[in-house]
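Here it is, the structure, as structure tokens.
Chains here go by letter, A, B, C and D, matching the order in which they are written, and residues are numbered from 1 within each.
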Amino acid sequence: MIVAMQELATEEQIDAIIQEMVEAGVNVHRTTGASQTILAGVGPTQALDLTAFEQMPGVMYVHRISSPYKLAGRGFRPEGTIIEFENGVKIGGNEVVVMAGPCSIENEAQIQETARRVKASGGKFLRGGAFKPRSSPYAFQGLGIPGLKLMFEAAREHGLLCVSEVMEISQIEPMLPYVDLFQVGARNMQNYNLLRELGKARKPILLKRGIAGTIEELLLSSEYILAGGNYDVILCERGIRTYETATRNTMDISAIPVIHKLSHLPIVGDPSHGTGRRDMVGAMALASVAAGADAIIVEVHPNADKAASDAAQTLYLEQFDTLMGQIRLVAKAIGRTA
Amino acid sequence: MIVAMQELATEEQIDAIIQEMVEAGVNVHRTTGASQTILAGVGPTQALDLTAFEQMPGVMYVHRISSPYKLAGRGFRPEGTIIEFENGVKIGGNEVVVMAGPCSIENEAQIQETARRVKASGGKFLRGGAFKPRSSPYAFQGLGIPGLKLMFEAAREHGLLCVSEVMEISQIEPMLPYVDLFQVGARNMQNYNLLRELGKARKPILLKRGIAGTIEELLLSSEYILAGGNYDVILCERGIRTYETATRNTMDISAIPVIHKLSHLPIVGDPSHGTGRRDMVGAMALASVAAGADAIIVEVHPNADKAASDAAQTLYLEQFDTLMGQIRLVAKAIGRTA
Amino acid sequence: MIVAMQELATEEQIDAIIQEMVEAGVNVHRTTGASQTILAGVGPTQALDLTAFEQMPGVMYVHRISSPYKLAGRGFRPEGTIIEFENGVKIGGNEVVVMAGPCSIENEAQIQETARRVKASGGKFLRGGAFKPRSSPYAFQGLGIPGLKLMFEAAREHGLLCVSEVMEISQIEPMLPYVDLFQVGARNMQNYNLLRELGKARKPILLKRGIAGTIEELLLSSEYILAGGNYDVILCERGIRTYETATRNTMDISAIPVIHKLSHLPIVGDPSHGTGRRDMVGAMALASVAAGADAIIVEVHPNADKAASDAAQTLYLEQFDTLMGQIRLVAKAIGRTA
Amino acid sequence: MIVAMQELATEEQIDAIIQEMVEAGVNVHRTTGASQTILAGVGPTQALDLTAFEQMPGVMYVHRISSPYKLAGRGFRPEGTIIEFENGVKIGGNEVVVMAGPCSIENEAQIQETARRVKASGGKFLRGGAFKPRSSPYAFQGLGIPGLKLMFEAAREHGLLCVSEVMEISQIEPMLPYVDLFQVGARNMQNYNLLRELGKARKPILLKRGIAGTIEELLLSSEYILAGGNYDVILCERGIRTYETATRNTMDISAIPVIHKLSHLPIVGDPSHGTGRRDMVGAMALASVAAGADAIIVEVHPNADKAASDAAQTLYLEQFDTLMGQIRLVAKAIGRTA
């Protein structure tokens, strides 16, 4: 940590800060400039509430130097994390993996048809929501575990892996047999109790960035899972809230290369939620791949217009097939496969 | 709902939209202008995913007219909601109620001293967190129910009411005996399962706006509680995330008059989280009162600099006492009491 | 400036940074921790592009310590700036000064009637736009200098001062005889050529915060004027762009106390542009005063609904009169006059 | 325009609105629902300040239907605009055009070396700033017209076209002989006087999106130029301001497909300003191409670390050469050339 004193700070004020830092177990190095004194603190500042220092008399600015996450940082595993699933599919390697499926699991016919077509087009994961928290209390709320079973059976029948969102600690156990990858939704990015429990789970986690989450906060949230011993975490960019209203969210494509630089964890692009508009999904999926995404997750539905939720951002299966072809070409252009 | 067609939309396209609307049970009124056709739909559009219409051929724009919340709307109770607590304190009436206490309940001495001083200064509620979800997994996590009991006893001893945050459904029952007002934190503004359960609770709810929540979303979230039969909901503005970094959040003071116009529910200002800086709390508390807030909630601590959490934004008890005097004067200036 | 090296940085990398800093005339103090080396640089870092250091090998983080503005900083004039106008009115002192008038000067009758009523209600400045840059090329564009003369005559006739927006360097000279205070609009906050010229003007400047301007950028912009020798600068908070759409902008009331802490310059609240809605202007004007604003600027019009521009946010003269009474009461509550 | 009345609106209130609309020359179509009346207005609403209607008694909501831009809309030229330069280079066609050069023109050697290498790598435009408005008054401010001449000569010598930023009306004439494309910077996106003058210029315009500009506002700004008879406008996405601080701006890649849908104008991606970080420029350039950008503009410099401005986001010429190769591959993957 760095404490920059005001130009007019007195020696007493400087001493008070130094004493406070020492009490917190921090080693202090003092730099006295012509007009300003700077204190550099090295030590256990991880759990320190630095903003408290900011309001001590004579202090101009306090700044944390060491990044607040450790296990998620690139330095922890410079070569990058590759997560291998039971059928050999890997996320974080050279292949760009595609996950697709409906927003909500609706019935067997829907999910079977989707699985068949996703597989045929080259997708590796079947996605689908069993529990649907909707902003309006009057909307469809999901099929629950029975729906999840339908999806799991459809996935296995067609050689696909299965990803679905877990929303509460109590859902972890019942979901465990039917998912290969637990998804944590944007609204739960900072549900630390849930993250902690998932740190003990024996399945990989797909952690979505919150709608107002910074990249640093996303990495810090992943730290909760990693700290529990579950190192199989995949991050996901799905759009942030900005002043622009032409798209539902603003997909922060630059989060992809930034996260690759800061962390060893794989990163997935979600152009469906990122844009909220079917006609933008293709362009943003390709942009994600070009920017280095390790996987893409998209919403598809045999009858997209009639989807029980997220209809507007859901691709038709024919559109998905076309998109898969384009993804393969762009992946190849940057030296990867898909 | 309104569907505006593109200038070049064909009759077939217009008919397809009309048919889709009619199938959804909506009455359609068509306006054919020189260059553009507009379809106005009246009926059960509440649960309709309007964005799906936006992508039908020939459509230029779809717009929802009826507000998606009903029970929270001003029209439901034009005279405004006043919530009365067991000791006669009312929120939503002429008096500006003040709630104060530490971020975290730490020990009996701390909470007793705080309660005594809050009461002496004119506060009506004691606040304090028993469960502390922290962004860093390495920070203090709260005392739990035993801490809550300490706070409740201190509150009652000094004639105060008690407000504390509930974070999970499982906490509702154990917390029930020790709170007069359940607080739902910003991170749970869209935790619909929790909101639904609180709709069945027999205690009032203080619902905080999420860090990226719009006013409309806040009202929609309150609808979940109201729909369960619990009409005692108080909303809370506590700062939103913007590009400005001088303050931790940007406190949206204008949310106070906007909510008073749109809804009958009382609204509370939280300048501690709204700014994240002790030296700004006073000014923003007074601004909230001047803008019409029905209550103010602030963090105070006998030894603010050493508070186990949120130290930087916590007032000393002497500062709180001074602030109470100022709040009373500003409340009086706008014709209220405090 | 502070350069924090990565944990694995080599001595060669550290030396390269040190050499680069020294070449730039910066004195370097090195702190070698157990796991990390930190370099503190003291010297002429004002004009240095620090981000370039961030990408040198082995660097983890670069941080500027000294604030990039000097003349605008609180330390330059700790007692605060008070600007006195020719008729004795002062901004920055104990009195909260009120400025009011139409968005656009339309004709003599309109501006005369406005001046008479603004004066009668207790306003001190008449405001009005002569040049109106509108987002739509098809809207009313202003009367120019002839309009400004009408306003100036009306102001003087009723003992008011005159404030109007200058949009281009070429307008400074012709406007000079007819304004007591030049307003720089939000869109010109970073028009440095204009600011530089105004630094040479012999009249005070009202500098509005840009719609996406940070407080630091606003202060830096004011530095351009101050550096030219014109120390009579008043800052203005008029709302920033956020994701919330219930109001046209989000008025950042906390900018008022923040600026008072960081700078000696007076600060004005503009609730008309801050909200864009007439029904919110009153509440936000009072909030501004309660938060410590030195002046308030509002749009009023004898026939607000028919105003040639900004009709929706313009107060009727009767509303303004009522508001003036409330402003006086709130100012008194915080120990000021109005 | 659509006016939705409140549920309890009276007939008198509805009549008042209708009369107001009729007075403004708008044809009104009334839809009376069970609980709500909706008025659809068709006619000259372009220049109407609709927000004024919002505050009339009984009104719930007012919404503009017809897009406020006409000439920039896709419908005006459904086949898209292709701009052809004197040497046959086209923007808006199948080829992805690359523009590169230093932030600031510094001296002949720098710009000659850059031109030579940009050409060798396959770039088509040389870019460089002659006038540099810097946020700090203490930083380098540009070489002016003499610098521009140096760049123009270097460009022509190597068969490149020339793009440079115009900042004031007075610069248009002197710049005219030395640019093939006038750039309007983000800070001038809403400098309507400048845009109007450029509408009369005989050279194409590259209009950058403001840091807080919406896509709609960008299109409306382009309308100022188009309305003057200059139809050769190219739009540019260069990052918007959001709460995320990991990158200087958040590059809104989705603006590329959105603009292609809404408008016929070509769109350019600027990953240098979009990210502010050299190590992210490559990924974001490729993402822009994958998303459909018609051109890419990047900052390059023979000695990027020592660039007089924007050093941190400037590519070395070797990096640019590598990037050109990748751009060609990604362009090919989506069926274009580069």
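The criterion applied here is as follows: contacts are C-beta pairs under 8 Å (C-beta built on N, C-alpha and C of every residue); 3 or more make two chains touch, one makes a residue touch a chain.
Values in this document were obtained by computation on a predicted structure and should not be read as measured data.
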Between chain B and chain C, the fewest steps along chains that touch one another: 1
Pair joined by the larger number of C-beta contacts - A-D, B-D: A-D
Chain separated most widely from chain B, comparing mean CA positions: D
Mean-CA-position distance for chain D and chain C (Å): 27
Centre distance in Å when chain A and chain D are each reduced to the mean of their C-alpha atoms: 31
Distance between chain centroids, defined by C-alpha means - chain B, chain D (Å): 38
Chain C: positions in contact with at least two other chains: 212, 241-243, 245, 279
Parts of chain D lying in touch with chain C, wherever the complex brings them together: 46-47, 49, 51-52, 54-56, 68, 133-140, 167-169, 187, 190-193, 196, 210-212, 217, 220-221, 223-224, 227, 241, 248, 276-279, 305, 307, 309-313
Complex interface listing, chain A residues touching chain D: 212, 214-216, 240, 242-247, 250-258, 261-262, 274-275, 279-280, 283-284, 286-292, 326, 329-330, 332-334
Chain B-facing residues of chain D, complex: 2, 4, 6-8, 27, 29, 31, 33-36, 38, 40, 42-43, 60-61, 63, 65-67, 75, 241-243, 245
